[in-house]
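Each chain carries a letter (A, B, C, D and E) given by its place in the written order, and its residues are counted from 1.
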């Protein structure tokens, strides 16, 4: 809780800078308009206008807040204009993708720690796979999956999974290799099987690493879903909302969708953090 | 004549490293009988740990022969003949003390009831009853070390390998644990191999003291202790004790100078 | 009467932790004169390290008064009066041994030529000439520890604070370093505060042995050693030595039982 | 039948790879063979099942296009990677490093900035990109700006963590020498921060590439890898699209490799680098 | 009922009102069709979806359809609800563009992703190079909206009469400040929204029959939409899942779209087709298509559907 004050202070500064930037960036338009209309504007008129434009270059914080409020609290959550509705669409694909990505990442990590050919062969390609611009291939993936008769939630989830499997795999490989030589030797003196070593030593000691990468993974998964929502016929979800805001130059709508997405990401990370705390405490690893 | 429990002859071990090979053990010959308490002493890096690891089949000698109970070390390991206590306690931090001690029992598939019974017994033995539900980091270093000994005692290994188990403890605690260890050895008749840096500790505990010297690690002296099995702490002030200690010190010093 | 170098009276230190406050030092009174060699001995957790850290201004006592050379510890620190040797060698792994030893000299702004000269001298002193260009991890534990001592000796601090510097070494190496340390102390006339777990080591080295007991940490006994400054290793077999050792052991045991 | 052939090829090459992995002499070939396996399976699948080249072109086509379009690929590479990604990477990582050093002295700022930093880092880049294109124009500057935003926070978080990585004893040692803040920073904290900093730099390499390419989807001059990809998808020249993706993957892996190599040289002392 | 999947070229808006009206008013149902409409998006290539089997029929512009056909994607125009082109270049007068002669040296915003062909043809007809320089124009790949014009990053941008143009107006710029160049007026118009299917499917009488019914129902939808712009806009809004569209914008869009569909009964006018092909082939050194397409359209469907 001692973090509240610093965070508030920083937030306050950000909001102040934001307002200043909004005035500065939107002023050009106000002046240009006045110019076209052939009128003079005073500074206070400029300020009032820049903070309330319909299509600002940078919307003012209160505009974004009002839009957020209007599209969450004041709309039925089943309405297409409700951010809760779109958030839920995005969230469900994110969670499914996260589940797929985590499973794949863990399995890959297990494979890598148990099979040298996999370690040598797969790892460089896994790294290369992450340098491919996902936004470029997302539409193709969706088309290919569509042609295989898969549509709806799953193509989005697969792209989400593609982005989240990597951090999970990397963290998990580190985690499964975390036991030191002595801990492993202990298992050998018991003549423990590979299986026993895995369940009783490698898996528990990988937990802190796993959770650290799950936090990265869940955020990546959300990004993946949003990316996948951009071209996928841009229908529902926060990504579609971002894009449609973008077609019509609705900056306020873009920013509010953006904030909704960031809030969603932050909540997901916090939830993973809470699960981490509980698990590690149960395991006696959170001192 | 009865067969030795551990029989090393001409054991040699060279580690292949990136730069130069390290000759860690050279022509090690040693017989250890059932019920012996053998201490290994020698300067840092002389191969004490390596030798213990060879016995436990954690390393494979590159030469010579080594048998344990007439089997190869690896077969003996598969027969679960070893209890190994490492220099650091090495408890698993995510398990309570109780569950740490249960670990080998789970792996070896003991029935539930017997597990509980054994855990209780060894916790008593190392004076840790009441701490079973604590996590390792809630205990002091000395208590952790005792828990790790309890873990090695929980199952019926007839050979106990201990690598500087008391290195991190202060003298008083160490004395107490030394006494306890002797009692335990007396009661169970286990064969114990014990690595230490402390001359008095080696002399106080052992029936046989193996002095080693480095580069390459080899045995320079094996001293059979004439001390009785029953050893009060005060025995350390007797002339016999001092004499053996002197001989060990001389052996060690020689090793240092070569 | 000459003023003591370190003068503690009624020093008290309580750590505020999340659960309960830890009373680490209670009413510590101690005078250390210039040129004293003072050993601190006591069970784990009794506050030895804490006391040393207070002297070096790494902790601030919560009560009592503590002066060093008549100054506050922090002023003394700013006057660069301390050489501190930690229990672990604590060398910076990205610097060679030579550069590690140079570190305090760089910070204190010694001229280049003098730096080189001093590095050479202290490397010689701790018997590490020829290892200057190696990185810490390429040296054995004992060598690292010696390098860390060399680092503390490279500049002209008149107070040397050593926290279990030889804890990780084997007896022979330890003996040798003990001898060297005594010689160095004799030659330089530095004031040395030395924490150890080993009774013989404390007795062998010190002019004054401070016995501490835990919870809350306090001084239970201060033993002035009658041994001469000149101490061959054999002094450890003399009756005076054994007697002092006995007194220390008794003091320690008492601490353990309370 | 077709599936059986593909499976057979796969199992065969996998078996070979497992054999190769056993010996250190042949180990270097394992990742290459793995890649060849993937490409072979891809080629086989496309050819055997007659997948339309408009959906997924076979690797051989991609290779041919790659070879014949090198001037275009090079022009796009310069525009996107060198101008956009690289400058953004340098500015972003540099700014993050400087910021880390500044807030390092203030626990207050750290406690305030880092959670917010994590929040901002969670902002989906795709949402920020159109805004930055609006702000910084069409050319590479807006791409660099996107990259700056993408790499800034991961780098900041890592550097801050790194600056705190020196242990108490190491810092106490500096105190006993009465070392100044700058001395402690230069001689202790930045060296100990290096492994963390490189971790951040490595994460940032892949982010930089993705950011620069993605930002081009939201407006660009008529060159650049992102431009080419989106345009050629529209023209159904999928082989060109995959050629660009190949360039991205090669550039990304190379950059990653380069950073790893420098990391090895700089943090040679760290246990993770000593093997 | 027979299933039909329609892939649109762009997001749900009044540009596609006919299909949504046909769906909402049950014309498809009456024709015993079960129609699914898939919205498009900026990176969805409808041809790819069609070839991948994700749709039976698509809405596309003829230039990109013909280019795809030349690229080996065998697609055929079966109906052409849009008679005239709505594409134009919109410039701010203050940027000093009064006629195409003023283009050289200016920056122009152009849509890519297969929509650039009409522009490229026009420029090559004007003999203006498109790679910057004194003589040529600087081309920007325009994003999703009209910002480049408002922000002063381009002198002119591409707009549709029914959509982006009005966004410029909505942003507060009066029509007097703007100057527009319609492709129709410049003589470089190409056919826009048409219905395309895979050539191989046309051989299948069942499929052909399905398309006949589909085109008939769709045209019924279009004609209804032309007559009831407000109701049609409301239907479109109903189907917009993003919830981002506004009624007033869609009503206005419907009004403009109606002008483009007005002259068409759904059958492709051969003259329009020929003009489009000529425009695309006339592209100087770098024509969009290099040879006269064959079999790129058919009246088979519309002949049956409309009689």
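Following the convention adopted for this analysis, contacts are C-beta pairs under 8 Å (C-beta built on N, C-alpha and C of every residue); 3 or more make two chains touch, one makes a residue touch a chain.
These figures come from a predicted structure and were not determined experimentally.
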*Those chains which touch subunit E and also touch subunit C*: D
*Measuring centre to centre, with centres taken as mean CA positions, what chain is farthest from subunit C?*
E
*asked:* Let me spell it out: compute each chain's centre from its C-alpha atoms, then which one is farthest from subunit B's centre?
replied: E
*Averaging only over C-alpha atoms, locate the centres of subunit A and subunit B and give their separation in whole Å.*
53
*Provide the C-alpha centroid distance between subunit C and subunit D, rounded to the nearest whole angstrom.*
49
*Touching two or more other chains - residue numbers and ranges from subunit C*: none
*Give the residues of subunit D that touch two or more other chains, as numbers and ranges in rising order.*
55, 130, 134, 217-218, 230, 233
*Going through subunit A residue by residue, note those that touch at least 2 other chains and give them in order.*
57, 135, 139-140, 143-144, 147, 230, 246
_Touching pairs - complete list by chain label_ = A-B, A-D, A-E, B-C, C-D, D-E
*Within the complex, which stretch of subunit A touches subunit D?*
2-3, 6-11, 14, 25, 57-58, 115-117, 119-125, 127-137, 139-140, 143-144, 147, 219, 222-223, 226-227, 230, 239, 242, 246, 251, 254-255, 257-258, 261-262, 265-266, 269
_For a test of understanding, state which residues of subunit D touch subunit C in their complex under the given definition._
169-170, 172-180, 183, 187-188, 191, 194, 267-271, 274
*Can you list the residues on subunit E that touch subunit A in the complex?*
11-12, 38-45, 48-49, 51-54, 143-147, 150-151, 167, 170-174, 177, 240-245, 249
*Where on subunit C is subunit D touching in the complex?*
53, 56-58, 77-80, 82-84, 86, 88, 90, 92-94, 103-104, 106-108, 135, 137, 161
*Any idea which subunit A residues touch subunit B in the complex?*
182-183, 185-192, 196, 200-201, 204-205, 207, 283-285, 287
